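Input: structures, listed below.
Two complexes are shown next, each including subunit A; its partner changes from subunit B in the first to subunit C in the second.
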Partner chain A sequence: MIRLVPRTRPSLLLQAGTSILAVLLTLLFGMIMFALLGNPPFEVLSVFLTSPLSSLFDISDLLVKAGPLILIALGLAVGYRANIWNIGAEGQFLLGSIFGMGAVLALGNPATIWAVPIVLIAGAVGGMLWAAIPAALRTAFNASELLTSLMLVYVAQQLLYFMVNQVWKNPLSFGWPETVELNEALQLPALIDGTGIHAGLIIVVTIAAVLAILTFRTTFGYRMRMAELTPKALRFAGFGEKATIWISLLLSGGLAGLAGAIELSATFEKLNDQFSLGYGFTAIIVAFLGRLNPIGIVLGGLLVGFTFVGGDWIRVSHGINDAAADVFQASLLFFVLACDLITRYRVQWVGHGHQKRVPAE
Partner chain B sequence: MPDAPLLELVGITRRFPGVLANDDIDFAITPGEIHALLGENGAGKSTLMKIIAGLLAPDEGEIRWRGRPVTIRSPIAARDLGIGMVHQHFALFEGLSVAENIALSLPKAVPGTALTGRLNAVAEQYGLKLDPDAHVFELSAGEKQRIEIVRTLLQEPKLLILDEPTSVLTPGETEQLFDTLRRLAADDTAIVFISHKLQEVRLLCDQATILRGGRVVAECRPADVDAEQIAELMLGDRPPATERQDRQAGATILKVKDLELARSGGAKPLVVGELSLRAGEIVGVAGVAGNGQEALYRTLSGEDLAARPDCITYNDKPIGRSGPNARRAAGIAFLPEERLGHAAVPNFTLTDNALLSNLIDRRLHRRGWIFRGRLSRRAQDISDGHDVRHSGIDQLASGLSGGNLQKFVVGRELDKQPACLIIDQPTWGVDPGAATRIRDELQRLAGNGAAILVISQDLDELIGLCDQLAVLHDGVLSPTRPVQDWTIHALGLAMTGAEPTAPAEAEPAPMRALP
Partner chain C sequence: MSGLFEFLISDLLTVSFAVAVIGAATPLLLAATGELIVERSGVLNLGVEGMMLAGALAGFAASQELSYAVGIPAAALAGALLALIFAFFSQTLLTNQVATGLALTIFGIGITKLIGEPYTGTPLEPMAPLFSESLQQIPVIGPIVFGHDPFVYLSIVGILGTWYFLFRTRAGLILRAVGEDHSSAHALGCHVVRIRYAAILAGGAFAGLGGAYMSMVKTPQWNEGMTAGSGWIALALIVFATWRPMRLWLGAYLFGALLVLQLRIQGTGVSVGVTYFLTMVPYLATIVVLVIMSWDKVALRRHAPASIGKIFKPAS
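Then we have the complex of A and B:
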């Protein structure tokens, strides 16, 4: 029989160790799956593991994909710590890009870099407004934010299709559902010439650092850390539960919206119906991979960015189909959550017939 | 008794660190008997039932099933013998239907139609009306309990244990439950009925065993004995308070008047006519768990707000609608019953927990920026000053023993030297050493002129500690009276809500009191 004994002391080493274990198990699982699909497992794995770091172009691709994942996950983690389950970051991300584009068009697509902050702020506001809907429904009617935030993703997608097909459709796009391109001055500049590594990544790193400090050194972070099923302790400390719901949803929505605006300005440079790669959903994996810790999330985002690039490579090099590549990525979340058990409990083997002891109440 | 016992316990003893939970207990029940197990909180009822249900092993003693000695290693082994237990707290999936919940509890998969058939048969036989397709979340507490009973009955138990089954039921539902239990007993099922409510026990049970302090103090036929006698046996002889120090009561500091607060779960609202806390005085609130203690605590701490500000006044200022931190700023400290999850965050370190009730303390943070060094020193000071034993202040609160964590959270409040302290179950589940220490500290605080309210289920504690006592029953707080004006008699009746028996049937049957 197995017995689980709660650990009395948090161990950073152990948390890092189990994350690595989760990655190893994912790789093992992937090899078995690739072998069953009739591909040479070691060869596929070798392409998967080496190609993302094989050239400056690939590294840049990795960083560009990790950026929005990290930014969104940083916001989500704040809510998850407080047991607020915003899983609709994808919708907030799309609203951020729509509001960003709206700001660009409202300003007349100006040729000045000084409009960029306005575009980014508009994106953050868009994400916040979208996240405010689940917050209002939760605080007013106790509707689960898990459901409402998720359902709003589909509304956001339809809104995007409507905007790019009807309202903002570029008449010169040969019928493609897309807007005009942003003026070059509005595109976040590359940090290294010839790569996609852009100034938006500096924003991501700065926000990660700020959130790390906020989380561990301020009463705001204290409140948000006071999470996981302790609403009574929250009241005891004098914090309102509703305020916590609002703060975490607005923060996660705002950061997802900001990520959408950064993607618009730095990567896509226009709005189209293919705008998202599912960053809002993948960021949930990143948040847990990083143990809801800002620094962990930066590392987790880089790792998932790595699997994105590696996944693209094995699709091309060995013709692994999209579904299998997605299952491989999703298995990472599964193993992360499974290994999480080890960080919170010690596993003890108990001989058969040994009596379980339950402390008296 | 003509019948041979179905289950017999002989000399059962079970120790926990610092506590003798069951001390040489003998107990027997025959088929078809409804047997009450009575006692205060902490008398050892739960431990004894956990031993029967295979959740705990006895340190000494023998369990006999139909006369044969057995060892019950697990709940599954208990079930295989024919022992079923309906717990006080339901373990149901809210989103699933009644039938699905029942199917999940069965050892083997049963096809849906066969299950519905069996369900209906059991339901009809024992008057347990249930709609198999209803979702659990739409059901009342009584209906949920019926699911628990039905799924236990599907295993065809010979012995059914019910832990405080009526605590969540309305009077009508209680009637229905009793009807079911009588039918079960008529079919030769033995039933152990754990309760605090003497009236119910007298209505339902053939036999009663009374526990106090882990020992059997009496056995009786409840119908033949008056409620007062049972209450007295449950509570025991209390020696007059000797440890109480002499104090001089001063001016009224906190006053509650005409307060009414709704309680969740269909319980009657909390009603406080009048309650005054005076400087240098300890007021105790006695009562059995679940009678409104938490609501009383929450309304005094500001975690739940009163209807009007002037329901609660502090130094004549209305604070009924002020939150916890506004009340703390005024000089009130409070400590809830639940250590982990309310008074402390389980997955926070002791350092972080030192901040929990100190968020208004400008020495520990300024404009939200926490001074980690000062906070660590505070946590260290609390630990040193109140004998908290731990392996470092970076230890998680969940890793401390109950007694040590309680000393920590009590110390956290006492170190603020509050003018008024509201404390709910100060020593509940704490080892005797820590309990004595906490009581001494409360006495010292009162001696220094603070007004203290102690809510407790431990009568010895209240009698030893308090100057004034009130009783909370079914949400209603009685007027306070000096502790020496209360007799054990009066306390027992007020706490159990028992009516004195009518003179006509007041011929008390002989009671077999044990030494």
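Then we have the complex of A and C:
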């Protein structure tokens, strides 16, 4: 029989080790999956592993996909530490893009780079407003933010379809549901010519750094980390339950909305009905992969960005559906959660005989 | 507007409306019945949506390649198989249930999209009603009572059976005891982990059936992500029912009525812009229901299984 003894303080080395173990298990699982789908597993795996880093274009693609994931996950993790479950970041992301587009159009799609901050702030505000709904319903009526935030994703999707099909539809789009393109001045510039690496990624890195300092070097961060260690508390130490709910949802909603506006400005350059790749949901995986800490989340986001690009490549090379990336990401989360067992507990093998209790003499 | 009103009055009280409501409610009822058993045992499995999709694909594929008689158990089995993953991680490896459930949903969406690709857009004959033509021809009662496919009867037997099991059998009492206080139940000699495994597997089977109803009867076809949030609505229905089977049945049918009403209003030729907002209605209604039912914190806590979502680790 196996006995689990809680560890008092999991070491950083152990955490890193188990993360690597989780990645290896995911790769093993991936190979089995490819084999079952009738593909040569080693061949597919080698394409999956090597191609995302094989050219500057692929690396840039990886970073561009990791950017919004990291930004959204940074916000989500803050709430998850205190058991505030915002799982509707996808909706907040969409609202961010809608508000960003609204700002663009309200300003008359101006040819000035100075309007970019306004567009991004509008996006953040849109995400915050959308996240304020579950926050208000939770604090005033005790309604589960987990379910209400998720329901609002479906509402946000319909709102997006309405906007691009009816209100903002570009008359010159040949019937496609999309808005006009952003003025070139409003498009976040590329940092390296010829790649998709854009100035929005600087914002992502900056916010990650700020949150890392906040988490590890301030009193607020200390209180936040305490919340994780006292799972029943439902709040950050020194804050009331309501304040914790509001902080968590506004921060995560704001960052998801900002991510939506950045995607609008830097990647899509217009709003259409295919706007999201499901970043809001994938970011939940990233938050857990990064063990809810900002540095881990940056690494987790890069790893998941890697699976997106690798998934694209095996579709090209072996015709495997791009859902393979989703499966990879989900199984990565499973294995990371499972490997956590090793960091949280010392697993002891105690043999069968131990289980039989000898009556006291 | 008066035309719409007249339409509603003339339509609401018809037999076809009642039949449509039962049809719309059935996948929700099946999935929610399963999750009710799971939550009563003190476990929160947020993977309902993923398990429904697994059932939808397995049921569709097995029906198309073999027969409906194989499709129904295949759907239940596929749902249970995904549930087994959740059970192993959450019960044996003691992972966080919220995170594991979310992972299961994402996994279910991805894996069904991956495997189901060749089935997208392929045809399947809709399932025939269970009872004979002559019984269905009885006015009013015929279509409402005898006019359905096997899933509808399965869902009713399922919810009644769940009620009987939970509140009239010893095993059900033990399951509820485990859900209320796993430490005490363990101290009394109940096999907490084993019981929860069984509950989670049953929940997965029901979710699989709920999904299969959508792909085998309602549409009938396979599309990626075709459950469109039904699994999450099923989770909310349990809060609406405050964890009680008979209220769950009522809630599912009320929700079914709302879904049908929404679709029929869309069908009356309202302007295209309005349809987007009508499609939001079920999700907004879910939020409203959650708000109303959660308002009274004390009552909610009284009915909710006290151990729900908590990790159980026997002292060894």
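The criterion applied here is as follows: the second predicted complex is superposed on the first by the 339 of 361 C-alpha atoms of A that agree within 3 Å, B and C clash if a C-alpha of one lies under 4 Å from a C-alpha of the other, contacts with A are read in each partner's own complex, and residues count from 1 in each chain.
Keep in mind that, in the parts below, a residue touches a chain if its C-beta (ideal position, glycine included) is under 8 Å from a C-beta of that chain, and two chains touch if they have at least 3 such contacts.
Owing to the predicted nature of the structure, the values given are computational and were not obtained by experimental measurement.
Engineer: Look at A:288 in the shared chain and tell me whether it touches subunit B only, subunit C only, both, or neither; answer first, second, both or neither.
Structural biologist: Once the two structures are laid over each other on A, A:288 reaches subunit C alone.
Engineer: For A:313, decide between first (touching subunit B), second (touching subunit C), both and neither.
Structural biologist: Neither: A:313 stays clear of subunit B and subunit C.
Engineer: For A:166 in the superposed arrangement: first (subunit B), second (subunit C), both or neither?
Structural biologist: second
Engineer: Contacts for A:236 in the overlay, against subunit B (first) and subunit C (second): which applies, first, second, both or neither?
Structural biologist: First partner only, subunit B.
Engineer: Looking at the overlay, what does A:218 touch: subunit B (first), subunit C (second), both, or neither?
Structural biologist: The first partner, subunit B, only.
Engineer: Once the structures are superposed on A, label A:93 by its partner contacts, choosing first (subunit B), second (subunit C), both or neither.
Structural biologist: Neither partner.
Engineer: First (subunit B), second (subunit C), both or neither: which does A:146 touch?
Structural biologist: So A:146 only meets subunit C here.
Engineer: Does subunit A have more residues touched by subunit B or by subunit C?
Structural biologist: The partner with more contacted residues on subunit A is C.
Engineer: Under the definition above, what is the set of subunit B residues touching subunit A in their complex?
Structural biologist: 16, 19, 21, 46-47, 50, 55-57, 73-74, 301-303, 323-325, 328, 336, 338, 341-349, 352, 355-357, 359-360, 365, 368-370, 372, 391, 394-396, 398-400, 429
Engineer: Mind pulling up the subunit A residues that touch subunit B in the complex?
Structural biologist: It is residues 6-10, 217-220, 222, 225-226, 228-230, 232-233, 235-238, 353, 355-361 of subunit A that touch subunit B.
Engineer: Spell out the residues on subunit A that touch subunit C in their complex, using ranges where they run on.
Structural biologist: That would be residues 1, 3-4, 33, 37, 85, 87, 137, 141-144, 146-148, 150-152, 154-155, 158-159, 161-162, 165-166, 281-282, 284-285, 288, 320-321, 323-327, 329-331, 333-334, 337-338, 340-341, 344-345 of subunit A.
Engineer: Per the contact definition, I'd like the list of subunit C residues that touch subunit A in the complex.
Structural biologist: Against subunit A, subunit C makes touches at 46, 85, 89, 93-96, 98-100, 102-104, 106-107, 109-111, 113-115, 117, 224, 228-229, 232, 235-236, 239, 272-273, 276-277, 279-280, 283-284, 286-287, 290-291, 294-295, 297, 300, 313, 316.
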